[in-house]
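A, B, C and D are the chain letters, set down in written order, and residue numbers restart from 1 in every chain.
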């Protein structure tokens, strides 16, 4: 075992670096889904569509900024702007027009409403952006690479992926934690997450909280998409594969738990990159193995609170 | 907006129920008369990741159908197209195939981009006795595992499409010792690797495979894989990936200078060249699943190729990529077969069986060369492979030092199993590879 | 008389709050034992521990000579201990008679996929049971359409349908209107006496306690502070001041 | 006439209508076979929905049944043997997985099922040399009870088996739902703790329904394999599971006819949507689902039952 580590230590180090970079993106998408689920108790399948639309919108805004003659550094705020735009437009629209009508329904109906929305948005996105892969990699080129030593060799990494993405994820995590625990709005959201009935009984306007949270969640989804744009080409179907992974994160993390989402994202990201390095065959099933293992030990998820049924 | 939508839907439903009520036997076995239109069913990807190929295929089909109809149709009859999306799965596809054959009464089916779809459709076409043209799918299994009377492929298959790049690599950069592969984790990715590995073991024994990476189909990030490849420094990296995944892989590899460490062999990259722009550096090997390239060095009919390229660019605002050429080949073969069958039938409209009988041995024009369909139904298509170069004329990498592999060099002989045939190859095969042609100015 | 149920030194704390701080109690066969005490004294916790919903952190519970401490609710029910709930736990999408029939099925064996739940034998038994509780007119009403008092009765009826030897009831008369209360308890007591069921019930109405309990246990801060016949306990000035006084105000 | 009688009558009428449609339009016979098969799988989904649990992974069992047929067909080329074999396989696997997932509720139940079906999907692609990956496996021509059949007779036979199984499973589900085991499912949804305090293991009640639903899905998969004669991993993809839940809601979870009404409607809408706008079928299906949930919550069966009851009252 010690031998194995001395031999493969450097490789393991590289895998950790890759894992952290991919965990950052996984976290960005999953945390929004988890937040929305915690407050609205609606498992939003259309979160994947918001991710995809955010990604495409980021590319469009980026191209527009470039064609308008803005300097290359403007591509970074362009990503953020695109995500805000998507979240602020689509979030309230979806919440007001659709979700609001179904809060009192059974969970399966709520889930299917978002599933239907997902199907509609999937085709709508095709109508707007077509089916040819779209890519916008200016931010990655802009930020260049950092060389990581590996034995006598060096491995170049994208600064964007190993520095900026994890930094954004950490800022989001810390910012969210402070927002939820220290500000009044945040505490209200937290109160609704923990006990909706008690919170409404205390006079909290749940509808307002729902609207706010959903819009916020939509922005996080779109931001996740926007942040993935510089490193990957956008094609139809990216929303579908994103949402399955995010579901696994939510169930593993525990409902509404942002720290849980962060830890799960890290486990999945690092687990996958270690798998790619040492057991490539396992890469695909890593998230599910982690989820099943966690739920075997902790049936309520990593950070889930056991809901005591009052009798 | 909603009103016309509802109207079309309602009429469509009405038409559908009309056909439910109409006894199907009315027009079943009537003597073959010249129909008012020649109906072609086309199965292609209209949603999901593979629509990267499916939609250009459809665009080409619509463009070609319009051209044919302007010129008076096939055998004097205008063609009409029916499209089916392959994405929802085999049960939907097979149902639609039946509907088109039994209800819409299409005259011929152009089946499938996905090999799985082809493997499901081909036997069905045979059972329904309907001519099925395999227009794009790559699996070599179809004609090697069974004989068909109604199914024909108007392009090559996976074996020449992978063998040609390998031979090209051996001819142009013979000194490689280590190889890594990164393919999509699905049938094509696995099959193409098996073909490459088998051929390489026969043609260049002793080459070491240092990594076999098969990321999930639809993956959007290859950072961990790129890291692994950077650390391993293989001489050659093979990837038969395509679409968004190939674009992503090329960009991520380029950003992290992987192209400086290894020679890439990308047998499908012709379809990504325009999109990835100058991200793809010079000096790497690119293929196009056949004999297609808008800057083809020796087209049989330069005017025809140029017209095809320009018409397609006007329509789709992009250079044509291999599925559009494959679609053109399918149409061209159908026209030729139809003419041949009519001639054999004394100028009368051919039956399904007569049309099918015209395909074996058929010769037809592709946009770049003259092609033939072998007796077993397999199309014989040359393979064009080249090395990337950056020029001032195009904002993206183009091919240079192109080799056009003749089909008889790289295609498995009829009646043989590809893997078994590849095992019999010998290293001196590389001496029979034609010399490279440089790109014209 | 022998003890049917015997609790010794039961302890359970939630955080710093001691809900059970050394409970010793023997319940005698066929007696009606009332539990009184202020809110938060640990009355419901006791029932929860006996029925297996909560596991005590210390002490033992013996029932019919066998130890049942920390066993799961399902197992404890099968030994003959049933309970009713402070907040009625009905199957809201079922009718009242279906609720009762489900309880009968739970007793008789639920694993029959081919015979309807409302088979004649079970329907008759359910209706007879509902009749005894005065619920027959509501038999085909959905459980979520009942008012609080009737829900409470249906909840108890379901526990009775299990034919327990020991029945624990958590505030059986709360929610029942004052005018009906005595009649309801009267019926309930008759049904239980006929079946020879031992009953432990948490009660806030001292008139009910005085009239129906054989013994009264007074709970305070997780301990039993007094135990004896109602006449003696209810007359105790300390109990009157500390427990009943607070009760009256609450 | 009571609603239950009308239900029976409608089932027979519906079966007759399907046979008639299949007779007049050959291609519909195939589509309806698939619809009946999916209806059977959805019937299983409905059992779980009664307990308030949504499985987002039952495509696992559909695919398992289908692959069981594909793998066993070369050694056991008879539909009459393959169907029970597929049912048995899925029942065994359903029991093993059910023992695990029946401990979980709601999102955890749904997501664990989803995860397991995705693991199965990945395995079908990973074990490429046995499963042929996404290319899928061709099912060879089958005999039925020893008889060799031509294409048309074979199609009719599979259609007939699907119809018979649909009627059989439908009748069984109705009896089952009225029984204590079926009624206890609803009790899990409304007040699971009470079941516990009545001495009933909610987990076992759910497990029984889970194994049944897995078996039904397995039979559905076997029928799909026999009808399409080609199986691919896409059968187990999560969207296929979503489709089953979709059909359950479309048809309405109120009665055993719902799943079949839903499945036939779903397949027909998809066919006509695909025929009208081949690349927009998803949007049309999504819109239909949305309309059903927002304006007809009981699904098609709910609408029908309401109308029949009104007429009965008038």
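As a working rule, a residue touches a chain if its C-beta (ideal position, glycine included) is under 8 Å from a C-beta of that chain, and two chains touch if they have at least 3 such contacts.
Computed from a predicted structure; not experimentally measured.
Central chain (C-alpha centroid nearest the global protein C-alpha centroid): D. Interface comparison, A-B versus C-D: the higher number of contacting C-beta pairs is recorded for A-B. Taking each chain's centre as the mean of its C-alpha atoms, the one that lies farthest from the centre of chain A is C.
Chain B and chain D have Cα centroids separated by 36 Å. The distance from the centre of chain C to the centre of chain D, with each centre set as the mean of the Cα atoms, comes to 44 Å.
The distance from the centre of chain A to the centre of chain C, each centre being the mean of the chain's C-alpha atoms, comes to 49 Å. Looking at chain D, residues 122, 125-126, 193, 197, 279, 282 sit in touch with two or more other chains. Residue positions 53, 89 of chain C are each in touch with at least two other chains.
Contact of a single residue of chain B with at least two other chains is seen at positions 47, 51, 55, 185, 216.
Considering their complex, residues 37, 43, 45, 98, 101-102, 105-109, 111-113, 115-120, 122-124, 126, 240, 244, 247-248, 250-251, 255, 281, 284-285, 287-289, 291-292, 295-296, 299-301, 309, 311 of chain A touch chain D.
Here chain B touches chain D in the complex through residues 8-9, 12-13, 16, 19-24, 46-47, 51, 55, 82-85, 88-92, 94-96, 98-99, 101-103, 114-116, 119-120, 123-124, 127, 139, 141, 185-188, 190-191, 216-217, going by the rule given at the top.
Of all residues in chain B, those touching chain A in their complex are 47-49, 51-52, 54-55, 185, 211-216, 218, 220-221, 223-225, 227-228, 230-231, 233, 243-245, 247-248, 251-252, 255-257, 272, 275-276, 279, 318. Taken together, the chain A residues at the contact with chain B in this complex read 11, 14-15, 17-19, 21-22, 25, 122-123, 126, 130-133, 135, 137, 140-141, 145, 150, 153, 155-158, 161, 228, 231-238, 241, 272-273, 276-277, 280-281, 283-284. Against chain B, the residues of chain D that register as touching in their complex are 21, 24-28, 30-31, 34, 122, 125-126, 128, 132-136, 138, 151, 224, 227-232, 234-235, 240, 267-268, 270-272, 274-276, 278-279, 281-282, 284.
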